[in-house]
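A short worksheet on the structure shown next.
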């Protein structure tokens, strides 16, 4: 039986970049591209202390699967997306998107497109917590 | 004292993607981009069993430093390049290039440019080992 | 038919709850659902132009019929990643 | 002055060694070094149009003077990454 060549996950555990790289590994691939979206300490001029990521889980997972399946359709040998949910501190990875392919050239564009699709289609919302203000839901990216 | 915001390394140890991600981490960064070049099992129609990476080490390290310094000059908050040397099996990472920055958009182009510079300027050579032929030096990429 | 619509993000704050109970005629479409909410729950009206409806694990089209046996959700603009 | 030029990749195979001993006049430039190799070691001639010279940890320009006290290397087209 063939191993599936794409994978989408929602998780409440810390995302391990090395484990993602291992999953993407393939003997025919000379290139592995990984993008990590990370919680940063500043958004819209407010000091962010943490972000809670909340999802419509079945819908989000389905959309995430469509994104990685699309990347494989368009040339990735393997594609992996993992979105973290729950409360994240500054510096933690909220999304990891990765692709492997024989040569690196097309990988940059595939990851960029995948992230645009994730940002517009995956049913996840940030509830941002600030040092000096009440938490806010972010809608639209 | 300020931490340096770029780093270049030559190593004979396996490259750990998660450790690289941690080094790139910065509270002001929402994006971490990592590219791994990996030994693949086919090159120029020959079955590759291993590649030995050989360097002019001082020259290679200096060029690698210039590449990552250039990425920081052009907008990366941090930039890291690690080139592995010695004998590598199929599937192992030979080069890791990573950048972190506040927003992801510019990161794809920075990594792509950095890899082009590494491929043309860093004094490292592949000695490819094949299943069915004598090993060959690769010159030019 | 009675439905508990799933709410997300700011819609939960507006409702003060995770769901919104609505009563719809059988065969109502997605756009009829949204019109009904705008009329009966005007506190949601400013949000609705940007809200999509999901049926189960798929986004729905305006003309789709609302089924009685699947989860229906109101999806404000997403902000994941 | 006598120099041991560092060789890499296919240049090592051609020389059957990791270095090439050359004797240069004081003040010789990088391009004079390459011309001298082409004349005295014709087995390298086909490679030289694509070879760069490094002085210490920097690539040199054709007009640079070869110093006596730094490592001089012949750099064929690289293939790392």
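When the chains are written out, they are named A, B, C and D in that same order, and each has its own residue count from 1.
Just so it is clear, a residue touches a chain if its C-beta (ideal position, glycine included) is under 8 Å from a C-beta of that chain, and two chains touch if they have at least 3 such contacts.
All values reported here derive from a predicted model rather than from experimental measurement.
Using the contact threshold fixed earlier, the set of chains in contact with both chain A and chain C is empty. Using the mean of the Cα atoms as each chain's centre, the chain most removed from chain B is C. A separation of 23 Å divides the Cα centre of chain A from that of chain B. Mean C-alpha position of chain B lies 26 Å from that of chain D. If you average the Cα atoms of chain B and of chain C, the two centres end up 48 Å apart.
The multi-chain contact residues of chain D, meaning those touching 2 or more other chains, do not exist; every residue touches at most one other chain.
In chain B, the residues that reach two or more other chains under the touch definition are 37, 115.
Interchain contacts link the chains end to end along an open line, per the touch definition above.
Every pair of chains that touch is listed here: A-B, A-C, B-D. Every residue of chain A that touches chain C in the complex is listed here, in rising order: 37, 53-56, 58-62, 83, 94-95, 115, 118-127, 137-141.
If you check the complex, the residues on chain C that touch chain A are 6, 8-10, 13, 50, 54, 56-59, 71, 73, 75-81. On the side of chain B, the complex with chain A involves touching residues 16-21, 25-42, 90-91, 93, 100, 102, 104, 107-109, 111-112, 115.
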